[in-house]
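Chain lettering (A, B and C) follows the sequence in which the chains are written, and residue indices restart at 1 in each chain.
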Amino acid sequence: MIWVNAIVEGLLLGGLYALFACGLSLLFGVVGVINLAHGDLAVLGAYVAVAILPSTNTNALWALLFLPVIFAAFGYVSQRTVLQRSLDSGPLTTLLVTFGLSVVIQNALLEGFSADSHSLSVGSLTTSALHVNSTISISYLRLGILVVAIVVLAVVQLFLARTSTGRQIRAVADDGEAAAISGVNTRHVTGIAASIAFATVAVAGLAYGMYSQFTPTSGSSLLLFAFEAVIIGGLGSLWGTLAGGCVIGLAQTIGAQIDPTLGILMGHLVFLAILVVRPNGLIPARANA
Amino acid sequence: MTDASPVLVAAGLTVRHGQLTALHEVSIDVTPGEVLAVVGANGAGKSTLLRTLAGLHKPAAGTVTLDGEDITALHTDKRVGKGVVLVPEGRRLFPSMTVEENLQVGTTNRRAGDWDIDRVFELFPWMRDRRRQKTDHLSGGEQQVIAIGRALVANPRVLLLDEISLGLAPVIVQRIYETLPAMLSDGMAVLIVEQDVAQALRVASRFQCLLEGTATLAGKPTDYTSEQVEAAYFGFGSAAAS
Amino acid sequence: MTSAPVAAAAPSRPTRRIRRSTRVSRWAVLPALVVLVILALLPYILGQGSTSALVNFYILLILGVTWNMLAGYAGLVSVGQQAYIGIGAYAVLFLAQHGWEPFVALPVAAIFCAIAAIPISLIVFRLRGGYFAIATWTVAQVLALLTVRDAALGGGTGTNLPGLDGFDPTVLGAYTYWAALVVAIIALVGCYLLLRSRVGLALTAVRDDDVAARSVGVRVPRAKRAVYLAAAVGAGGAGGLIAISQINVQAGNVYGVQWSAYMIFIVLIGGIGTLEGPILGAIVFFTLQQTLASHGAWYLIIVGSIAVLMALFMQRGLWGLADRFGVRLFPVGYRVSGAPSTPAKDG
C-alpha cells in the first residue's frame, strides 16, 4: 500500500515539475531560448516572496497575487533586451548567457540571503491532508499544486489556441520569418511569450517554496528536472510536459520508496534510459546544433 | 494602367550574404495595376530582391521607397501594415495551424480594404470547406493558394509573389495565374519572381531580367523576342548589358 | 601568333607555397621556451603558497583550453565536463587506495576517462544544442549520485587521498606543481596538434557549416567524438590534479557544476575558438579569483557578469582584440604565400 502512496506522491510531484517545464517549453518553443537559468529564476521568485512578505509567518499564498505580475514584466523586459540580443548572436550564445546569468543569480542570492535554507509558509495547509484510508494520505498542499499546475497549463493552452495573440505566438513558434511577413511583430510577441513563461516560473517558484525548503543553489536540480520533463514529454505539447513531469516525479518517489537516497538518482536514470531507448534519438522541433 | 507614378521604388539596392554579393545596385519600380515579372536563372538574386523589398534582408546600400516614404529601415511586419506583402518561396504556411488560422494570422496587421477571409473563400470556395484542416494535409497547389490568400487578407498595395510555380505541376500553376486578375483589385501592384520565363511573360505587363545580382534586360514582353530574353536570362552576348 | 622560339623556354611562373606558421608564431617559439624553463624553475624560487596557487591556475588553464576545443571547435557546448573531473579524481583515489603511487595513477586516470567517455558519448550525442548540454549535466549528476553511495570512496563527506603521506610537504608541493605544469603543457600541445591535424581542419569546416562539411566527406560524428574523448582526458587529468593538490576528494566538489562555470567564463572572457583565447582567459579569471577571494560569492557575481557581457557584446573575447590584426601564436591554419601565377604567353 505504501507503493500507492508513492505513486500518488509521484503524480503530485509531476504537477510541480510540469509547472517548471511549462515556462521552459514556451521559452524554447517560441522564443528559441534554452534557459539554463530557469530553475534559478524560480528560486529567485521564492526569495523575492521571502523579501516582500512582511513576516516569515505570512501565508505565502498572498504572493500569488503580485509575484507573477512582477515576473511577467521582468520577462518581457529581459526578452526584449538581453535574450533577443543573445539570440541574434546565435544559439551558442543564449546557452552561455543564460548559464552565466544562472551563476550570477545563484551567487547574488548567496550574498543576499546566505546559504541558509528558507521556506514559504502556507499556514495550516502545510500539514493538512486528505486521508483516503489508513495508509494513503494526500497532502492538500501537494494536491493544490497539482491543481494549480493543471489550471495554469489549461489557461496557457487556451490562450494559445483561442486568442489572436496566442495565434501569433504559435505562428512565431512555427516559423518566425513567415510570421513577420504575415504582419506579426515578432519582437513584441516573443516578449509576450517570455512574460508568460516568467509568470509561470514565478508560480512554480512559489509552489516549490511552499513544498520544500530552498537554498540559493536549489535551482540547478530544478532545472534538470524541468528539462527532463520537457524532453520526455516532447517539445510542443504542454500536456506532454505534464506527462513528462509525472514520469520524473514517479521515478523519484518510487526510487525514494525503495531507498531514501535513491530518489533523485532514479529520476535521472529513467531519463537517460529513455534517451537511450528512443530509436531515433530525440530530435526536437527546433534543434539548434 | 490607372496611376502612372510608381508605388514601390527600389534604388541602387546592394545586398550581401556574407562574402557573396547577391544584388549589385539593382533598381526597380512598380506602378499600381501592373504586373512586373522579375526573371533570371537560379542564383540571379530574384528571391533576394523580393525578400529585401519585404524587409527580410538589410541592404548594404540603396533605398526602398513606398509612395515616396523611405521604408528601407522599416521592420517586415510594419511594411505589411503599409501594404507591402510577400508570398514567400516555398509557401511557408504554419504547419501546426489550420487553413483558417493561417489566414487569420495574415490579418494581424492588415490595412483597411476589400480583402478579408470571406472574400478569399469566395475566390477559392474549396478553402471554406477545408478551413478547419491542418495545412500539411493539403496538396502543394492548395497550399500555394492559401499562402496567397494569407497575403491578400492584409490588403496589400504591392503583392510580392516569390516563385509560386516551384514544385507545382504546370497546369496548377496556370490555374493559379489565371486567378491573378481577380486578385488585382484596383490599384494593387504585383511583382512576380519566376524561373518559368514563358509563364511569367504571359501574365506580366513588364519584365526585368536579373543576371548574377545585376539588372540587365527590362521592358515590355512584346518589345523583345524570346531569343533576346533567353540570351539575357543566361547572360549571352550583347543582351547581357550590365 | 608564332611562339615556337619562345615556347622552347619554360614559362616563368612563381611557385606557391603552403605554410603553416605566421611570422609572429615563428618568433614566438623562442620566448615560449624561455617562459617554460622559467615556469619549471618556479618551485625553487617561490614559496609553497604560490606554487599551490599556480597549480590551481594550471588546472583552470587545462579546463579552459579543452572546453574551448569542445565548444569552440566541435560545437559541443557541454556543461557536464565535471563528470570527467570527477571520474579522474576518483580514479586516482581508487588506484591510490589500491597501492598505486598517485602521480603514476594520474595519467592512467586520464586515459580511463577517455574510455568512460565512449559509452557516455553514445548517449549524449543523440541530442543537440541545449538538450545535449542538459544531458551532459545530468550524466555528471548521475555519476556524483552513484559515487556517494560507495562508502569506500568516501561517501558523501569525502576522503583523503592515500599515498602522499611519505612526502615532505614542500617536495610534495613541488611535485604537484610539476605534474600540473606537465599536464597543462600536454593539454596545450595536444589541443594544438589535434587542431592542426586533419581532425582539426575537419572541425573548422564543421564549425563553419555542418552540412557543407558533411557533403565534402568530412566524417563529422567521428571528428566530434574524437574531440569529446580528448576533452574528457583533459578534464580527467585536471580532476586527478585536483585530487592530488587538495588531498581530499569530495563528490560535491569534483562533480560540481561550478567547474563548468569556470571553464565557460574563462573561454568567454578570453575568446572562443582560438587557442590563445582560453590562455588569456585563464590568466584573467585566475587573477580575479585570487584578488576577490576574500569577498565570498562576489567574485563569481563579477566574473559571471563580465562573462555574460562579453558573450553579448564581445564574442571574440579579449584575444579577439589582438586577433583582429591576425596575430596568432599557435599556427593552426594554412596560409598560401607566393604571387598568383602569371599566364604563359601564348595569346
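Here is the rule we go by: a contact is a pair of C-beta atoms (placed from the backbone, for glycine too) under 8 Å apart; a residue touches a chain by one contact, two chains touch by 3 or more.
Here the structure is a predicted model, which is why all the values come from computation and not from measurement.
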Overall pattern in which the protein chains touch one another (line/ring/star/complete/other): line
Chain pair, most C-beta pairs within the contact cut-off: A-C
From subunit A, the most remote chain by mean C-alpha position: B
Distance from the mean Cα position of subunit B to that of subunit A, given in whole angstrom: 43
Gap in Å, rounded to a whole number, between the CA centres of subunit C and subunit A: 34
Between subunit B and subunit C, centroid-to-centroid distance (C-alpha), Å: 51
Interface hub residues of subunit A, defined as touching at least two other chains: none
Complex interface listing, subunit A residues touching subunit C: 28, 34, 36, 82, 85-86, 89, 91-93, 95-97, 99-101, 103-104, 107-108, 110-111, 220-221, 223-224, 227-228, 231, 261, 264-265, 268-269, 271-272, 275-276, 278, 281-284, 287-289
Residues of subunit C touching subunit A in the complex: 71, 75, 77, 79, 122-123, 126-131, 133-135, 137-139, 141-142, 145-146, 149, 210, 257-258, 260-261, 264-265, 268, 296-298, 300-301, 304-305, 307-308, 311-312, 315
Subunit A partner contacts - residues on subunit B that touch it in the complex: 54-56, 75-78, 80-81, 85-86, 88, 92-97, 101, 104-110, 150-151, 154
Touching residues (chain side subunit A, partner subunit B) in the complex: 164, 167-168, 170-171, 173-175, 177-187, 236
